[in-house]
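For reference, the structure I am asking about is given below.
Here the chain labels run A, B, C and D in written order, and each chain numbers its own residues starting at 1.
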Amino acid sequence: MDAIILQILNGLDKGSAYALIALGLTLIFGTLGVVNFAHGALFMIGAFCAVTLNKLLNLSVETVDPTRTDFLGNPLKVKTPYVENWFGPEFGHAIIDWSVPLAILFSIPIMIAIGFIMERGLIKHFYRRPHADQILVTFGLAIVLQELIKHYYGANPIQTPAPDAFRGSFDFGAMLGFDPNTIIYPYWRMIYFAFAAVIIGGVFAFLQFTTFGMVVRAGMADRETVGLLGINIDKRFTIMFGLAAAVAGLAGVMYAPINSPNYHMGMDFLVLSFVVVVVGGMGSLPGAVLAGFLLGILESFASMNEIKSILPGIDQIIIYVAAIIILLTRPRGLMGRKGVMED
Amino acid sequence: MTNKLTRRGLLKTGAVGGAGLALPTIFTSGANAFTNEPTGGTVTLGFNVPQSGPYADEGADELRAYMLAVEHLNGEGDGGMLNTFSSKVLEGNGILGKKVEYVTGDTQTKSDAARASAKSMIEKDGAVMITGGSSSGVAVAVQSLCQEAGVIFMAGLTHSNDTTGKDKKANGFRHFFNAYMSGAALAPVLAKTYGTDRKAYHLTADYTWGWTQEESIMAATEALGWETVQAVKTPLSATDFSSYITPVLQTDADVLILNHYGGNMVNSLTNAVQFGLREKVVNGKNFEIVVPLFSRLMARGAGENVKGILGSTNWHWSLQDEGSQAFVKSFGTKYGFPPSQAAHTCYVQTLLYADAVARAGSFNPCAVGEALEGFEFDGMGNGPTLYRAEDHQCFKDVLVVRGKENPTSEFDLLEVVEVTPVGQVTYAPDHPMFAGGALGSCNPGA
Amino acid sequence: MLGLNKKDATLLGVVAVLVIFAPFILNPFPQDSAMAQFNAGYPDLMQRFVIFGIFAIGFNILFGLTGYLSFGHAAFLGVGSYSAVWMFKLLSMNVIPAILLAMVVSGLFALLIGFISLRRTGIYFSILTLAFAEMSFRLAYSVLTPITNGETGLQLTLEDPRILGQTATETGGIPVTSLFGMEMRETATMYFGGWSFQFNNGYYMCGVILLLAFYISIRIFRSPFGMMLRAVKSNQQRMNYTGLNTRPYTLAAFVISGMYAGLAGGLMASMDPLAGAERMQWTASGEVVLMTILGGAGTLIGPVLGAGFIKYFENIFSKINESVLHSWFHALPDGLENALIWIAEHFVGSGWHLTLGLLFMLVVTFLPGGLVEGGQRIGRLFSRKKQADKKTATQSTPAE
Amino acid sequence: MGILEVKNVGKRFGGLQALGDVNLSVAENSVHAIIGPNGAGKSTLLNCLVGKLIPDTGSVMFDGQSVLGRTPYEINQMGISRVFQTPEIFGDLTVMENMMIPCFARRDGAFKLNGIKSVESETEIRDRAEAMMEDMNLAEKRHMHAASMSRGDKRRLEIAMCLAQEPRLLLLDEPTAGMARADTNNTIDLLKEIKQKRDITIVIIEHDMHVVFSLAERITVLAQGTPLVEDVPEKIKGHPKVREAYLGETAAA
């Protein structure tokens, strides 16, 4: 029982990441109809916002400590971050410690700006082009973004820890009345789940309850008619792109402490996020979220030893098996709308 | 730098034939005694390292080491390990008086791409030796290519038993240690530190290297009294290991062994620490995590999580012997940071190749192979070493290391716990883990 | 000629000339010159150009004609490679049975996957094919290792049974692939002044097969079947209401293009008998999609150009390292030399991906029809007769 | 017995009864119009005839055979062709190619792997397509991309494509919707000419009474999913029920 609860938690956690990425992707792909292969790169850049802020806060003044030596036998240069000099060691250290939560604030304007620039500078010209061209241009963009990150940060994963206070884990089982120490879950993963829920709720509320959201939803349904009404739908689509980029970026920022970011993490998630969006159904935001959680939970269950011993390797392919079964039984995925990217 | 463009060694003789149609020479049968025989004043080596993909940083470090080795061979720089190497035939005038030039390529850590890259070095650039790589799949694939093409392959970082086990080849040589050696070196230290009554849970990357390491570590630890509770394979593409870590909590295992490398290792270790495994007490003992193959470059990605974790490594820059010091000094002076174990093995392999050519007096792969087989040397950082003739594997001391508690710099992540003497990690050439396959006979190509 | 109209016959002729003289055309620079780095006329790369050309031509029969975007075509290439290597291991080192088996097995595999995937259209179809291919890759890498040799890739050993042929050569090596005794790896080198040109048996065999594959592709494009496929792309609804069943048409196209992929895989294994699992990964499927779009989807020659373009960058640009850059710029003053090298380093060597990414963006932005359109523009620039309207509309146009 | 017999056909979409209990008999070689206000179920009925929708109840017989459970292409092969409200043609293909496809379908059936012969060498098919284009005044546009033609020409092409298959029943779904008066008249003339030249049954769904009364021999009025009346045009014109349900609206428009 506790094993199952743990795997459900794992699944929800993975699912949050999948759902967040898919949510952003489906805003662009499922609704604007742009096949955005650069979406994974946006997620990656989000994570690197956290890395960058961490590095910035760690910018250090070097002082020579003659009593110690470095690996070549020269006097050791000791680094003290500027923030510690400015704000005092303790407060300065606390700022550095909290770099990931701070990066959330830091990343929002950056990601929105990147989204705007991408849309205005590039994607805008591709709305009326075939999907194939969109694939090529966004894939090119993804490679470029990825290589730039690789150039400045290298290829190895870079550790970006969560604040000290959230680094541990807590006994979730004891809260529910299980034996102590059976269901232990890391704080940060709990936070990630809660964070994802807030973002997903926020995006839904935004599209549901604001005039802006209403127009955008109308625009998804029938772009030309809305255009005829004299509403500048293009501008709103730009904002949508910024929103999608911000969602992807935030998913990345928060993901950084879970797994150390590296430059190709976007590509690792790219294919998966397309599968999630399509399984959820094209043009459906709730579908994408639902599919994200569903596949996350399935993946977690498939990696249980009991299941792997019956079907070796099932954890490698469960997502694809599930995708095939769902797409064959439900022609437009879980909640897809008719006529979106069907030809 | 005055490196000129490299080219097929064949060219010069051809060019002598002058303008007009020279008689076509056939690659596989004809004018040359062996593939890409260097006939001009230069010799070309092929450095085939990952430049894209997850191991790109390791590849970059390997490339730095190669460039340093070329400098030293050509008599530039401070000579590095040439000064400490027990064999003294290399004089800093290139190899056999021919200036060393090199070409580079990107393996992308894919067998296909690595072979394509190696082929282009052989066919286009006239490389007479290929070296490098950062994974066993690539090493085995390129090794068999070199066997067919008739050039020497000096493996880079490859840890799988198969490279000098069932997939060994007459033209291929490995200096790096292997999974069996990791197990043999690590197990006694584990038993000493954690006791002999332990229950281990393995998480293993689901491909050939992972399997050989799991097999090796399991055998070595079980021989000392440990019990293996479970061994679970994880997909190579996995990024989040939470769903593999949580089942560990459900068993009575008190040690987690992570047979992962690179990004997999960083993520699985980070995840394991997140789940509070290290604070756990099972069977009245502290829960422990072991990473059998440590890479300092990769360990950086796991940050604080590596502290206190035991593992093995081929070499570490903090070693105090003459050879290591000389290498660290010239590498550190040139690049500003200490070399990785990948850099070390690649540097040493290049020197060993050059030395073998010099001793053999020929670039012919068969002569070089003969010179390397059974060669005993010292002064290259791991103590006295033997290149065993039966399987072309180097036998030398293995380092057991631990993540350092108080690092003084970003490079100072590991501390050497024990230098396991070579005798303890030596095995018979027909050891079952290395059975199957045969060296075959050396192939000089032409 | 050969049942082709004049224009197509000319195109085929041009391709034939390019294939035959590729060792000269791809080696324009003398060995000693600084530009020799850009020479691509060595056997391995020439083989790759041709093999990936075949792969892309086949992919284009599906994607270019029917508009069905398969994101799992690499699976067929991989299956073809594995079949071929098994043939080498078990039967003989002759490439013919290996290639035939590769085509048959990949054709059957395509029939199965196509039959299931073609129940859906658009993006749903793409994801189904992707799912099948990724499953194949992941299983081949792990659970199916006994058949595929996993990470390392399936290769020949000294213990292969090989019914028709020897297990090992007299000298104790593994026999090499051949066409009735003609070794695939045999290369004749011709020296001419500062140049050297390599003529490789394997390359010419691939070349002949490419011409055949290209010829068949032209015939398909110009046949009623090809017209039906274009009609499927244009309007499935009208197809149905014209009494035509679209499913067999698309399935036939899918199987044919799967067999092309299998042929490419079989050839790849014949040139270099090792089949790595990575050639089934989604990135490999993506690569052929990119090749086709980059060259010009739906055009005859475009996919071949796209394949050549990408393989050229992968194999040539990735090999330009710092010392090569130094040799290029060493005549310049030190400061300028270093500045230039600093800039160039981003784009070559380990930065070759960056160059490729930028070129993708530039090509698709400025040449909507892909490289073929670039060629047409240059052609128009040179032929001063601006009678663009004289061009009949019968030729297939790039996807729009 | 008519060539098309619709008996007790009903179709629900969720809570909406789109078709109640439709009975319809179309005599061979007649022109039969189905009219009715928006939402009367005209298109639903048509979709049930061609296999796009499967009715919940009732039967649809064409020439004595049931069409239910057959796919659109099978029904088409039985001899029913359909013209859509917005012309459905192969936009990326030339007019000539558009014309050849139904010719192939007529000769080869639902599928034939014609992969080796070139289109150029199919003289028989080409001749047929040429003749059809001649007939429909499309010959001059044979090399145009179909998508770049005027709406009237697209309609003409679509009808030509349907006729090329020599169907026994031609279904027209508001063929003049959105057309200018002149184009509408041209279409009427075209249809009249077609009817004159060949033995064909035509079922037409139309909004425009001018078209209906110029062409139809019998008219069925549909309202709220059920047939109101069926009669000859003269009777329909003055029918009070029809006026009430339908004509009143259009008179005002």
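Simple rule for what comes next: a contact is a pair of C-beta atoms (placed from the backbone, for glycine too) under 8 Å apart; a residue touches a chain by one contact, two chains touch by 3 or more.
Small disclaimer: the values here were computed from a predicted structure and weren't measured.
Asks: Can you list every chain in contact with both chain A and chain D?
Replies: Per touch definition, common to chain A and chain D: C.
Asks: Measuring centre to centre with CA averages, how many angstrom lie between chain A and chain B?
Replies: 35
Asks: Can you compute the centre-to-centre distance for chain B and chain D, using the mean CA position of each chain? Integer Å is fine.
Replies: Their C-alpha centroids are separated by 74 Å.
Asks: Could you give the separation in Å between the centres of chain C and chain D, each centre being the mean of its C-alpha atoms?
Replies: So the centroids are 46 Å from each other.
Asks: Of all residues in chain C, which are in touch with two or more distinct other chains?
Replies: 138, 142-143, 353, 400
Asks: Mind pulling the residue numbers of chain A that touch at least two other chains?
Replies: Answer for chain A, listing residues that touch two or more other chains: 312-313, 316.
Asks: Could you list each pair of chains that touch one another?
Replies: A-B, A-C, B-C, C-D
Asks: What residues on chain C touch chain A, complex-wise?
Replies: Residues 63, 67, 69, 116, 119-124, 126-128, 130-132, 134-135, 138-139, 142-143, 236, 282-283, 286, 289-290, 293-294, 297, 346, 351, 353-354, 356-361, 363-365, 368, 399-400.
Asks: Any idea which chain D residues touch chain C in the complex?
Replies: Chain D residues touching chain C: 50, 71-73, 76-77, 81-82, 84, 88-94, 97, 100-102, 104-106, 109-122, 125, 143-145, 161, 165.
Asks: In the complex formed with chain D, which residues of chain C make contact?
Replies: Touching chain D from chain C are residues 3-5, 219-220, 222-228, 230-231, 233-235, 237-246, 248-249, 252, 392-394, 397, 400.
Asks: Can you list the residues on chain A that touch chain C in the complex?
Replies: 122, 125, 129-133, 135-137, 139-144, 146-148, 151, 267, 271, 274-275, 278-279, 282, 312-313, 316-317, 320-321, 323-324, 327-328, 331-333, 341-343
Asks: Within the complex, which stretch of chain A touches chain B?
Replies: 2-3, 6-7, 9-11, 13-14, 17, 68, 70-72, 76, 150, 154-159, 161, 167-169, 181-182, 184-186, 188-189, 258-260, 262, 264-265, 268-269, 299-300, 303-305, 308, 312-313, 315-316
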